[in-house]
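Heads up, the next two complexes both have chain A, just with different partners, chain B and then chain C.
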Partner chain A sequence: MPAPTHSQNGYTVIGAVNGPIEVQRRDEIPDEAAIEVNVRPATGIGSPKERHIEHILTALLRNIILTHDYPRTLIQLTLQILSVPATHSTLPSSSSLPILPALINTAYATLLAGSIRLSTTLTAVLVAVPKSELEAVAQKGSSHVFAFDGRGEAVLVHSEGKKFEIEEWEQACEAARGCVLG
Partner chain B sequence: MPREAELSLNEREFILQALRENVRLDGRAFDDIRELQLSFGDEYGVADVRLGKTSHNPFPDRKFDGIFTISTEFSPMASPAFEVGRPTEAETLLSRLLEKAIRRSSALDTEGLCIIAGLKCFALRADVHVLDHDGGLVDAACIALVAALRHFRRPDVRVEGENVTVYSVREREPVPLSLLHHPLCVTFSYFNGGEVVLVDANLVEEQVREAEVVVTMNRHGEVCQVAKYGGLPIDALALLNCTNVALAKVQMLDKVIQQRLEEDAKRRDKGGLMAELNGDTLHKDDDRLDRTTDWLAWVSEWIEKAIGLTVGVVAQRYAVRCMGVSEGGTGRGKARARALEEGEGETVRAM
Partner chain C sequence: MEEFAIYTRFSAPPPCQAPRSSSPATPSPSLLFSSHTTKPLTLGPGLRHIPPSTITAALSGPLHTDPRKNALWIENNGGRYIPVQGDLVICSMHHSSVDAYHCSITPYTAPATLPQLAFEGASKKTRPVLAPGALVYARVSVAGKHMEPELECVHPGTGKAEGLGPLKGGMVWDVSLGMARRLLLPASKMREQGGLVLLELLAEKVRFEIAVGRNGRVWVDGGCEGDAGGGEGGRGDG
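Our next item is the complex of A and B:
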């Protein structure tokens, strides 16, 4: 089976899922599956940034996967970042949002390809809100990641940036909804 | 964590019985290598190797300070038996073999990475990502690493005393690494007390083998290292035979890598100018050929010019003769003409 590879915003991610497999005693949950997400950067070994992304993804996927169908097992998802755009090195090191949609969409495709039972679909998109064109170049605006399920409900919202108003956020949300749900 | 699924006794016996009858599970000959697929990414130094189902992705990255390191970390992507943060035996063996094969055989001239002795140098990091595991990890990782190192370009630098300027890819054409030779690994697996020898065993074959011999050599037949694992004793002469077989395989693999590199260089070369810039460093053999063709063109151009010049001279002489000026040269002709103008009839006739 070819492993799902997904490209978005210049990031390419390949995914693989093992599961349901035997779980370690300390991670075992009596009535549902434990979920483990491994994000591996293109170069070097994982940093706290990858751990942070893994934490976000685990929390998100726990709500999407029908974990109660696989009690006392482990669903192990590995996401390997294959390539990053040239602009990636100019981002602040704490910035984890640009890669997030590619990871979420790859995770969804991987789970589908691996025949893991899911409660709904999942799609994620990145919305950048520049204050003005000049500021967009200097990355002074804000960026938001929205993920929507099959019913059009936002299941994941993450924002980062200098400063943004609630109106801007609502506009970004609408833009994302329009982009994802058509 | 689940262990690697062990083969059942029946499966094990089936494979061994088939090998006794000179049959391999995938129908290959005993000394056949699986088809090698090699592709390069958009960035320099990203090589994707597929040997059967086993695949690798190394990414040499550049940072300052330090030297050449090879990082091999297995993820559960390759096999559920690989656990994050706990190296398996296979991982230790792989990193040790790559270390011996590439680093200690000084395939990469690390002195070339030095900018100012003792003060500044490039650090090259090669990450080997195993995406799928179907045996022959060492061979595939070595191919991937060598291909990536040959593909990689480091940024150009200029040194002025203590000041170092590192040029970005846009400013100056990045330069390739200086590789002294290109070592490749070939793994031999021994079965049935050493009677059966397989080249490039796949995962199930690896699970039933009794011993393995990894031979690393370059295409000139220089052996870089020989490693033998497993309890089975192997005859010294059999080892010599291994190196002979390995040489043929290495030359074949090297040719494939070379061919892919040339294809990639052609793909990157949009205007035709880059070929001339890259030519002398990327493919030495091709470069020699290029120079020969240049030389031929130069000679033909030269002959053409020479012929043109001769024809011109002959034509001029013919024209001069037609005008009634003797072979003696224009000096006399001019003198005669001047004399005619001046009306010195006697002198003219005498001339």
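Our next item is the complex of A and C:
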């Protein structure tokens, strides 16, 4: 089966899932599946930034995957970043949001292709305030990642950047909802 | 009891209790549910019932219906095989313990137990000796998501092997789970439902023995070079 590849905001990610498989005794959960997400950067080995993204993805996917259907097993998801846009190196090193929608959408496509039972659909989008290129936003704006499930409810909200008002955030949320749910 | 009956035996729900779906391509509920039957609605793999009256898809794939059986299911071709009681599987021996063999049905999962006496005519003195790596055609006798699967190579009622047992010689291939299901259809349905004519045509030319495992494995033994002639010796009910 071809591995799902997804491109968004200039980032390309390829995914693979193995599961449900045997779990190590220390990770075993009696009535649900353990979820392991591995994010591999385009170059070099993983850093605490990748660990942070893995943590966000694990918490999100635990609510999407029907983990109670696979007790005492492990679902192992690997996401390899294939390419990053040229502007990636100009972003501050702490910035982890621009890559996040591509990772979330690849993770969803991978689970679907791997026939893992899911409770709902999942779509993520990045919103930049004000509307401009990523590097300009990183200098003086803010960026937000929203993920919505099949019922149109936000299941993940992350923001970073300079100070922003609650009105700006609400506008960003509405823009994301319009973009994802049409 | 009244409520329980509603949950498990709701037949032909009214259109307002439609399956929730966001896809515009989904046919209307009145086409999916037969309203003339008293049979309880059966949900197959890939569908999920959320009480009281929501049915959602858990896997991707085309939706199939059987109005006669009042059944709905999603045909899915991929993923890892999950053992179900009664399925025929081809597994490989992993290791042996005092009274059981431990066989691997799919890679990276906990081995299934195959009791050493669960073979035709096996007793404490005469039982098949299986080396690690040996292939076995077996039936899943116990399966459930909270327990390790158990296998048997003998019908518990009749004591006959019915084609099950160690597979000697031949070769084994991996196929998709959907292909394995099609190959396991009864010979009469294989052509129309499964769309497979390969086995029929091959059987007219050469003699071979085939075993199909629901876990996506096919074993074929063609005998020696020069063996020719009609006929097919099918194993099990494949």
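FYI, the second predicted complex is superposed on the first by the 174 of 182 C-alpha atoms of A that agree within 3 Å, B and C clash if a C-alpha of one lies under 4 Å from a C-alpha of the other, contacts with A are read in each partner's own complex, and residues count from 1 in each chain.
Throughout what follows, a contact is a pair of C-beta atoms (placed from the backbone, for glycine too) under 8 Å apart; a residue touches a chain by one contact, two chains touch by 3 or more.
For clarity, every value in this text was computed on a predicted model and none was experimentally measured.
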Quick one: classify A:Tyr70 as touching chain B (first), chain C (second), both or neither.
-> second
Identify the partner contact of A:Ser159: answer first if only chain B is touched, second if only chain C is, both if each is, neither if none is.
-> neither
Would you check which partner chain A:Ala42 touches, where first means chain B only, second means chain C only, and both and neither mean what they say?
-> first
Could you say whether A:Thr58 touches chain B, chain C, both of them, or neither, answering first, second, both or neither?
-> neither
Counting only touches as set out at the top, which of chain B and chain C does A:Gln171 meet: first, second, both, neither?
-> neither
With the two complexes superposed on chain A, say which partner A:Ser95 touches: chain B (first), chain C (second), both, or neither.
-> neither
First, second, both or neither for A:Asn9, with chain B first and chain C second | neither
Where does A:Gly150 make contact in the superposed view: on chain B (first), on chain C (second), on both, or on neither?
-> second
Of the two partners chain B and chain C, more of chain A gets touched by chain C
Taking the contacts chain A makes with chain B in one complex and with chain C in the other, which residues are shared?
-> 18, 21-22
Chain A - residues contacting chain C, complex | 1, 18-22, 66, 69-73, 112-121, 150
The residues of chain C that touch chain A in their complex are 22, 48, 56, 58-60, 76, 78-80, 82, 108-110, 145-146
In the complex formed with chain A, which residues of chain B make contact?
-> 1-2, 41-43, 46, 57, 59, 61, 71, 73, 75-77, 80, 84, 125, 127, 129, 131-132
Partner chain B, residues of chain A touching it in the complex = 3, 14, 16, 18, 21-22, 24, 38, 40, 42-45, 76, 78, 80, 82-83
